[in-house]
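In what follows, chain A forms one complex with chain B and a second complex with chain C.
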Partner chain A sequence: MEQTDKNLLKTIAGISGFQVGRAFNLRKDGQGVERHSTPNVKINPKTDKPGIDIIVAAHAQKESVHIPVILTQSGIKDMVYNDFYIGEGADVEIIAGCGIHNDGCDASQHDGIHTFYIGKNAHVTYIEKHYGEGDGNGARILNPTTVVHMEKNSTCEMMMSQIKGVDSTIRKTQMDLAAGAKMVIHEKLMTHGKQEAHSDVEVELNGKGASLQIISRSVAKDESRQVFHPKAIGNNDCRAHVQCDSIIMDQARVSSIPEISANHVDAEIIHEAAIGKINSDQLIKLQTFGLSESEAEAVIIDGFLK
Partner chain B sequence: MLELKNIQFAVHESNDSKEIIRHIDITVPDRSFTVITGPNGGGKSTLAKLVMGLEKPTGGQILFDGEDITNVSISERAKRKIGYAFQQPPRFKGLTIRKLLSLAHGSELSECMSCQYLSDVGLCAHDYLDREMDASLSGGEVKRIEIATLLARDLKLAIFDEPEAGIDLWSFAKLVDTFQNLRKYNMSILLISHQERIMQMADEIIVVEQGMVTKQGSREEILPQLLHEFDTICDKCL
Partner chain C sequence: MEQTDKNLLKTIAGISGFQVGRAFNLRKDGQGVERHSTPNVKINPKTDKPGIDIIVAAHAQKESVHIPVILTQSGIKDMVYNDFYIGEGADVEIIAGCGIHNDGCDASQHDGIHTFYIGKNAHVTYIEKHYGEGDGNGARILNPTTVVHMEKNSTCEMMMSQIKGVDSTIRKTQMDLAAGAKMVIHEKLMTHGKQEAHSDVEVELNGKGASLQIISRSVAKDESRQVFHPKAIGNNDCRAHVQCDSIIMDQARVSSIPEISANHVDAEIIHEAAIGKINSDQLIKLQTFGLSESEAEAVIIDGFLK
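Showing the complex of A and B:
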């Protein structure tokens, strides 16, 4: 494996290669290059379109799956369909993510369509990091689509972050929650330069006792633009809390458009949204510790996006 | 030692200039406890900000250990071991109290030392170290954490701007204990306060009114005068 590949893997998945004893699928420049299954986690390539099926056995416990994607060729456009079948009562951590290294002048693009079928009482932790680097003028584009179907009493925590180097992203997330299902989404985003990021999240809470929490934090620097549109729809006796916080800097633009709908008298849905620049007292406070203004700014942003 | 020499500070509003501080001379000796008091709007908080560098004087000189720091930035003053506790400390989403104390200290602070600083301000470290310095903390908790960040810094001079402002009586009693505790730290304390119980801890009391020092002297000399004046004003009101 080349050093660039290792660096990208380290950044997006915290690994430098195959993890012994764990399910693993590495996709590079539009091709599956390494794949391992385990007794409880089978990874099978799709036959009708690019992508894989990840099948986690019912009641499997403390399983871990890495499915990173890396793009290192300028001008490549990759689209992949990954379907996750999580068996009843299983407990699994899925580490996804995409890193693009583009030194060329043509755009590199990865569109990942992930669909989750989470069985009854199953628990999923999903971690997805998006990252771009390279010296070329070619754009680095990532357009993830995430669809999640949650069965009764299943729980899922999704941590999705895009911290650096992605020029354009359109993120679409759709979910439906059955009775007692619990979803927590942590979304973190930082844009700089002339980057654009759009995030649409739509969650239907269909079953009694379903709950949703969305915590979205973002920082928009330079001339970048961000648009958030989280939508929570309560169709039963359910709870949802949507919180969007953004720090705006320089000449950036941020739109936060939370939308909540209740179609049931016992649905309790709350949203909070805030956009603002870094508080000057925060900067001064850290300067009174001996930090420079730029160091103070970095500490505040790091903490906010932690 | 801190020396303020003929310090002036004015703000410009449209075509008008308003003097907030007029010709103030103050000396704060090493390892002393000095309380600045006086009526609201008299310039006390401005004076504290001028010492830390949050505001720049329009006249005069600030000397610290003999060095002229009048035009030195906030962070450079911090490096000279001057610290400042805000009247309304800012909160930080995502920043834990453990991290804040380490930032104050200038390097990773051991669990043991973090616990020491928090217990010196009356907080149980295990309940707080991993909490975020955010809106979930009460006003009294934030004030005490603010003081702990100063303790973590090994300061020569600590400035406190009305630490009692905005906290309840119960928290205030604990705050007084905290300041008693601070005497063991080997630093000068410059504290702005209206509270008699805090003034009773002072070595020296300075009264600032309308941007000027109107009284200055030892606690034994000044505090009885202030209490007498207060009684007289109250009698007039009756």
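Showing the complex of A and C:
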């Protein structure tokens, strides 16, 4: 494995190479390069289109699977369909993520369509990091689509972050929750330069006792532009709390367009959003400790996106 | 004046007849029926289309003007253009409002397009109540459009409420604020039966130090449907706070789609929205004081929309 590959894997998945003895799938430049299944986690390549099926056995416990994607060739346009079948009562951690290293002048693009079928009482932790780097002026483009179907009393926590270096992203997330299903989404996004990020999240709370929490935090620097459009729809006795906080810097622009809809008398839905610059008291305090203005800003942003 | 007219005027404008010696314009069933100007508040009928120009002299203080509209004929469709020119430094209270009494089976509709030109340092208080009544099955429809241009350091407080009995409403409000301009909007809305209410509010904060506060409260009963779409756009060093709270009852449905956009690093914009049913602790407490469930609900709703 080349050093560039290792660095990308480290950044997006916290690993430095193939995961021996663990469920693992590495996709590089539009091709599967390494794949292992385990007794409880089967990874099968799709036969009709690019992508894999990840099948987690019912009642399997403390399983984990890494499915990183890296792009290092300039000009690659990769589209992949990954389907996750999580058996009843299973407990699994899924580490996805995509890193693009683009030293060329052509755009590199990865569009991942992830569909989750989460069985009754199952628990899923999903971690997805997006990152771009490289000296070329070719764009780094990542368009993730995430679809989640949650069965009765299943729980899921999704940590989706765009660390840096992604020039353009259109994030689409769609979920439906059955009775007692619980979803927590942590979304973190940082844009700089002339980057553009759009995030649409739509969650239908269909079952009695379903609950949703979305915590979205973003930082927009330079001339970047961000648009958030989270939508929580309560169709039953349910709870939803959507919170979007954005720090705006330089000439950046941020729009937050949450939508909360209650179609049932027992639906309780709350939304909070705030956009503003870095708290100047915090900046001054850190500067009195000897930090420069830009160091102080970095500390505050790191804390905010932690 | 007929008793029906008097009752409508009482409900929408707190008056029981013509306002002698005060600036006043009464429109009934698509016709102006009474009009007075005062030295500082001129009311002129438009010559090119239905409606009036209301011109408040610069530096005039503690002025007030009543411009109620009533519809009592079934099947009337009335559209009116009212323009308000508020001179520099003037201070005026404007009491508008529309009441429909419809005993027939044809729809009665009033569409009022109000445009405000608020001069430097002027202060405007605007009160608008919408109300419908009558035994007929003809719909009562009110579609107000409110456009406000605020000059430097002007201030405006708008209290817009839909009390009850309005079958369908599409409320459109559009505002632009120059430096130091301050707008406070209180919106109150109650729907019942199969009523539908849409409210779009768009405010552009263009000048340094402009500020906006929107406090929207609504109650949706029976099978009624409400959609709120407030939009605050910060194009300069400015502050905006948008708050939407809705109580949902029975089979009603409520959607809240606020949009906050910061296009300037010093724009600080906050939004909060909540939709839920009546607090059951409050209900139980009032019932222990001897109120029936419906009486207790009425007390809570009155307090919420007060």
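Just a few scattered comments:
Just so it is clear, the second predicted complex is superposed on the first by the 306 of 306 C-alpha atoms of A that agree within 3 Å, B and C clash if a C-alpha of one lies under 4 Å from a C-alpha of the other, contacts with A are read in each partner's own complex, and residues count from 1 in each chain.
In this text, a residue touches a chain if its C-beta (ideal position, glycine included) is under 8 Å from a C-beta of that chain, and two chains touch if they have at least 3 such contacts.
Model, not experiment: these values are computed from the prediction.
Between chain B and chain C, C touches the greater number of residues of chain A. Within the superposed three-chain model, A:A58 lies out of touch with both chain B and chain C [touch as defined at top]. Within the superposed three-chain model, A:V299 lies in touch with chain B and out of touch with chain C [touch as defined at top].
Legend: residue contacts after superposition of the two complexes on their common chain; A:T288 is shown touching chain B, with no touch to chain C. In the superposed model, A:V147 lies in contact with neither chain B nor chain C. When the shared chain is aligned, no partner comes close enough to touch A:M159: not chain B, not chain C.
Judged by the touch definition given at the top, the superposed model places A:A179 against neither chain B nor chain C.
Contact residues of chain A toward chain B in the complex are 217, 245, 279, 281-282, 284-293, 299-300, 302-306.
Here chain B touches chain A in the complex through residues 52, 54, 73-75, 78-79, 83-84, 86, 88-90, 92-95, 99, 103-104, 106, 149, 153, going by the rule given at the top.
Residues of chain C touching chain A in their complex: 234, 246, 248-263, 265-277.
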